[in-house]
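In structure tokens below, several structures.
The two complexes that follow have subunit A in common; it is paired with subunit B in the first and with subunit C in the second.
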Partner chain A sequence: MTSTIDEAAPVQRNANRVGWLADLGTALRSSAVFILLAALLLGFSAAEPAFANLGNLMSILQAVAVVAILGAGVTVTLAVGGFDLSIGAIAASSVMAASYAMIVWGLGAIATVLLVLAFGALIGLVNAFLIVRLKVPDLLATLSMMFLLSGLQLIPTAGRSISAGLILPNGTTATGVYDPAFLLIGRANLAGIVPVSVVLMALVAIALFVLTERTRIGRLLFATGGNAVATRLAGASTARLKMLAYVISGTLASLGGIVIAARVGRGDVSSGGSLLMDAVAAALIGFAVLGKRRPNVLGTIVGAVFVGVLLNGLTMLNAPYYTQDFVKGAVLVGALALTYGTVRSPSP
Partner chain B sequence: MTLQTSAIEPSVPRALIGVVVDNALVLALVTVFAIFSFATPTFLTIANLQSILVNNFTLLAIAAIAMTSAVSVGGIDLSVGTAIDFASFAFVSLVLAGQPVAIAALAGLGAGAAVGAFNAVLISGIGISPFLATLGTLFIGRSIQQLLTNGGNPVYLPPSGIPETFRFLGRGAIGGIPVPLIITAIIIVAATVILTRARFGRVALAIGIQPSVVRYSGIAARIHVAMAFILAGLIAAVAGLILSATVTVYIPSSGSAFLLNAIGATFIGTTLSRLGRPNIPGTVLGVLLLGIVANGLLLTGLNFYWQQVGTGLLIFAVLALSFITRRKASA
Partner chain C sequence: MSTASPDETGDAIHLDGIVKRFDGALALNHASLRVRRGTVHGLVGQNGAGKSTLIKLLAGLHQPDEGRIKIDGEAYDRLTPHRVEELGIHFIHQDRLLVPTFTVDEALFLGREPRIAGTPFLDRRLMQRRASEILDDYFGIKLPNSALISELSTAEKQIVQITRALLDQPKVLVFDEPTAALVRREADILFRLIRRLRDEGVTIIYISHYLNEIEELCDTVTVLRNGEDVATLPLGETSAAAIARLMVARDIADLYPKRDVTPGKDILTLERLSAHGKYQDVSLTLRRGEVLGLTGLLGSGAKDLIRTLFGLESASSGQITINGKPVRSVNPAQAVDRHLALVPEDRRGNGVALDLSVKENITLSSLKRFTRLGFLDFNSERREADDLIRRLEIKTSGCNALVRTLSGGNQQKVAIAKWLSRHSEIYLLDEPTVGVDIGSKVEIYNLIGDLAARGAGIIVLSSDLPELIGITDRILVLFRGSIISEFTSSQTSPDDVLAASTGSSEVLRHVG
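Coming up: the complex of A and B.
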């Protein structure tokens, strides 16, 4: 798809419009999401005192952790000008794989985590192979991967959810249980306050922020998305860069799946339903953060948190659950309008 | 992705590969058809082939043609399902309220076109890229439907209160041919003519291939992009009308079930056709391929989730084959 990333080159179109007014406008636009976030936090705290309590703020972060982790992966694939539609399915099948590994094979926490992460990386590698070597278009390759995984994940258990005492298709009963150490990933709090999943989210955010914004590889990733031919002519292996992006995306999706499995404590066949759209939305809202107009990891995390704060606050104010999608859509469109609307770029 | 088959030397193997590449989609279709004809006794029967056309083809074909309209200008429309739903909601609600079917159908088409117009404003007016804009429409549309139906309650038509024309649209037949199939055929022909014979279609495809050239030629690309998305909404609305007339109920967000298959069919058609760009015949063959596989897998008695695996594997296999042979042909 060419349509998504043609904005990757940040062009300073305002440069000739001199004056402090323009500077102020730019500053306002780049910090608009933060200003809105602050306004939301203040507004919700005023309307509902329970909102501002530390426990609730942590539960917001915990709720967005999975979306933020997947969104960070989306950011990297967007950076190379690709798109990974299979992340939701990878996360969902990772939930099943983790449950299967522990309950049917009786593996421990560490072996399970490593196995599932390897599974995610492998799927990312297959995606990359299809896209880079066979030159299948990104959307199409990852779309078929999505179909494939959402069917395959049901086959080992014949469509049943996995919990302790599962009866296998061959009639025997599975003997394993969820490793208590594994469950800590989703349920424990560090120092009694910070959930482990939030720590994971922060680690992923920092690692990917450094990778994409502070290293040569990161610059090459964005260069690949901006102009793959020029990047290749400049001596970088765009094939390897794309491969790296899809492997990161797949691994992070399986990490998201691990967090879900550890929180839920069973392999639910229907988990991961709206993850894809939510993660993509977070990455796209991130375009507006800091006025970057391109995928960026920090923006993605802020985008995920922004939506999380909004949904949590509205829920506390007794808004019906079905306003949630409306809020997500409105935030997404608003953020996009903020990113593109004020600049008259020669659009399609 | 342009193929220069004429440049290939006329040695026999090369020529053969050229033929395979040029007709990859038709060959895939024939192969899949043959496999299922041998694998299951019931596949190759008149009744089943009719069932494929009515149940596995019509609605998806219309949705995929709507998608092709958006893809032809270099975009994508993630909200085709939303347009289907809005049309279905307007149609069923107005019929329920006692309005004439014709008025209700027009309102349904208008609702679908309105979804397209909303996309057009975001894309051509504000300048948001199509993928992102229609994703926003998808979210907002899903929620509006839940707000309209108190959290997602279906709107049923009472069995006694279904007008004859309403039923006819979904279940009727003219000269033995089901009405939905006739409507689908009309849309296929109309869309083919618009995309290949009308000036609008040529400009649309040119925008999809090289937008800057179109702009420098002094053509208002924005207007054409906007029209392509409104057209997508309008065409999808027809699928909404047929869907609700067939099941005589409006179920919120049921249209999104068509989204991924519509994308799949459009891209199969784009990639596997000799043209290498969005085209209606390719899309229609893509829909047929997906429909035959879905129906055939059902008949083999496999579990329902094997259908998804089958669809995924099919797209993989067809694409991989196409890209490998294509590389050989151009080598």
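Coming up: the complex of A and C.
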């Protein structure tokens, strides 16, 4: 009888021979989104030269900035194995809150921004309290929060949109206006080229990327999502980690709301309709980026940009606006198929 | 039960020279399995030896890269699960899911519901009659037809699976680890059933980790190792010990390597520790270099005691002293800080995070050491992981492989490596080798010995008594929440320990 070690040797050699093909496949899968993105950029530039000018590229980024910021928050809650359905509603209420703060209370830009961010963080904290302390399942907790906020944002103004000269429910007229400094967040360009919102998106992306991929806390966030019990047994406080994730998610959603408010310059009751779906889609498309198969900030940003490029390019080629949701859905289906459909069959 | 057309070979199943690769990794390397008609044929091998791959090929779930599959003397090229079932081959498997919300009848006839002639309507009466005939004939039991699958016990679910197969008058039945979740009495019923089916002409393939079952039940056994069939033997000419040797290619006498370590200072002391309704007045001392066994039946309080030590439950009174310092309340984070380590029984559920990498699991509790100003130091983290992978001989394609892809034994090594990386000193090991193949078991025993030799204190909770005796210095037996006996491991036998844990030695003492 030969020894175990002797038998293992030929097995290893066989594995190597087929190995490089598998490696190539893996490499292709993990860069598929980038390859497609490059193909889109080239294709659209060829078909419509105006597509490739700097202004248009910036407008693409500006268009996806809010979705990318919210998506980064979704990524963090997905990382801890949770889900935050309330982000769209948080962003929408933040638009109303910012408008109310400036127009009714007459606050300045800085006070308004801080107040709205605190509002987002507070909602995140309430979500976390429901989920971590009261053990309400995350989907249900954040779904109820979504309902609650959609209603809450209508109450102070009795359902009216907020703009200068708003007549309050008690009959008086609001005297405040949007602080011009606040509007810069949505409208100004740094060095005349890069929109402030794009800078914000980049900062959020970098901060969250570093947090999730390079720090101990980030690792523990993923560990919590991977196996909360094992992580707790390893000595980490999974309750605090989950709380952190929902607070980040809520805060980023309110930042998204600030950008929207600064862009439109008024508080529309109907703003933020498709934000939740778009942000979740970006995060899910992100699973396929670099073949990570798990939530990751870089992937989310790429996912958001990918959809933005596609929509912008198709619009330039005169695709009607009503095809947009279909295109987003198709991209998402494709990305998920790429993520899950190509999982290698586990060896026995 | 069925009369197969006789052919020259008399083989019901003949898998010949099967080669199967997964992503380049060789799972089966010219493996053969030849099962004679009307026999019970055992199939054994360590995890990863290729058993399940071989069975999946037979089930038509995978196709072989090389080799032939012959059924009743006829070669088949591309088997599908459906075709296999048509050929009368059925599989009884733990994980074969029955739809939990179906009734017994619905589950039994799923996919081949009899209809009232000439109509599309289900013939419920016929379904009920045929089901109760078989249940009564083979098992002598009645299952309420309207019971939901989710309401049945594991044994009853298995009966439903077997009945489902019997309704088709099978020629071959494949049992995959059928007794893993059964108690002895239920297993005996199963064995009687298998013998009866064999006598009725059904061919049985029986896969099990439990070699005593193979010895008891099978006519022939095939041993797989590293994807090859290393032997096919009639049971009359072999023994469980010989089979085990073939499986691991190693002498089983070395199964319980025990180091001689002179115990050092006290590292953990419990004084009159009590928790209402769980355990009372438990006092024990664990010393450095000592391996202390803890055992007891379900509800004896042994598990609660371990959980209390790690801060997952709280004691109502008593004193815990760790390294000479009295300890008040603990939570898991504080327990980890005090160099305690818990390797829980439910490895996949609580011990490791399956979808994180080996590296991420190994450094999970010691991340602070690989963090500078909050930022991870990937290089030193990777070095640590590689180092532990080497030291513990964790078989993995690399430190970035997902733990999910590892075998049970190697997952367990990862669960332990996590605490080695944390420099833990008191190890609480809850059923450390459950579901682990023999080869990995020995490696885990060796690891426990190493830890003791380095001055760690180890508490092993195990219901595998030969194992407990083999690897510990002392054994404490809990019965109804109290320590009822203490044994010196080198001077006791499984029977004594078992008697103590069932409380029978106490009865004897009272009587005598």
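To be clear about the criterion, the second predicted complex is superposed on the first by the 325 of 348 C-alpha atoms of A that agree within 3 Å, B and C clash if a C-alpha of one lies under 4 Å from a C-alpha of the other, contacts with A are read in each partner's own complex, and residues count from 1 in each chain.
Note that contacts are C-beta pairs under 8 Å (C-beta built on N, C-alpha and C of every residue); 3 or more make two chains touch, one makes a residue touch a chain.
This one's a predicted model, so the numbers in the text were calculated from it and none came from an experiment.
J.: With both complexes superposed on chain A, which partner does A:A337 reach: first (subunit B), second (subunit C), both or neither?
T.: first
J.: Applying the document's definition of touching, compare subunit B and subunit C: which contacts more of subunit A?
T.: Looking at subunit B versus subunit C, the one contacting more residues of subunit A is B.
J.: Who does A:A230 touch here: subunit B (first), subunit C (second), both, or neither?
T.: After superposition on chain A, A:A230 lies in contact with subunit C alone.
J.: Thinking of the overlay built on chain A, is A:R219 touched by subunit B (first), by subunit C (second), by both, or by neither?
T.: Touch partner of A:R219: subunit C, not subunit B.
J.: Which holds for A:Y322: it touches subunit B only (first), subunit C only (second), both, or neither?
T.: Touch partner of A:Y322: subunit B, not subunit C.
J.: Who does A:V136 touch here: subunit B (first), subunit C (second), both, or neither?
T.: In the superposition, A:V136 touches subunit B alone.
J.: Between subunit B (first) and subunit C (second), which does A:L154 come into contact with in this model arrangement: first, second, both, or neither?
T.: Only subunit B is touched by A:L154; subunit C is not.
J.: One more residue to check, A:G171. First (subunit B), second (subunit C), both or neither?
T.: So A:G171 meets neither subunit B nor subunit C here.
J.: Which parts of subunit A are in contact with subunit B and also with subunit C?
T.: Comparing the two interfaces on subunit A, one with subunit B and one with subunit C, the shared residues are 1, 3-4, 7, 344-348.
J.: In the complex, go through subunit C and note every residue touching subunit A.
T.: It is residues 21-27, 29, 48, 50, 52-53, 56, 225-228, 230, 249, 310, 332-333, 335-337, 342, 344, 349-356, 360-361, 364-365, 367-368, 370-371, 374-376, 404-405, 418, 422 of subunit C that touch subunit A.
J.: Please give the residue numbers of subunit A that touch subunit B in the complex, ascending.
T.: Those residues of subunit A that touch subunit B are 1-4, 6-7, 83, 130, 134-137, 139-141, 143-152, 154-155, 158-159, 277, 280-281, 284, 320-330, 332-333, 336-337, 339-341, 343-348.
J.: Give the list of subunit A residues in touch with subunit C in this complex.
T.: Residue positions touching the partner: 1, 3-4, 7-8, 10-11, 14-19, 21-22, 210, 214-220, 222-223, 226-227, 229-237, 294, 344-348.
J.: With touch defined as at the start, can you tell me which subunit B residues reach subunit A in the complex?
T.: Against subunit A, subunit B makes touches at 73-76, 122-124, 126-133, 135-144, 146-147, 151-152, 207, 211-212, 215, 221-222, 225, 260, 263-264, 267-268, 271, 303, 305-313, 315-316, 319-320, 323-324, 327.
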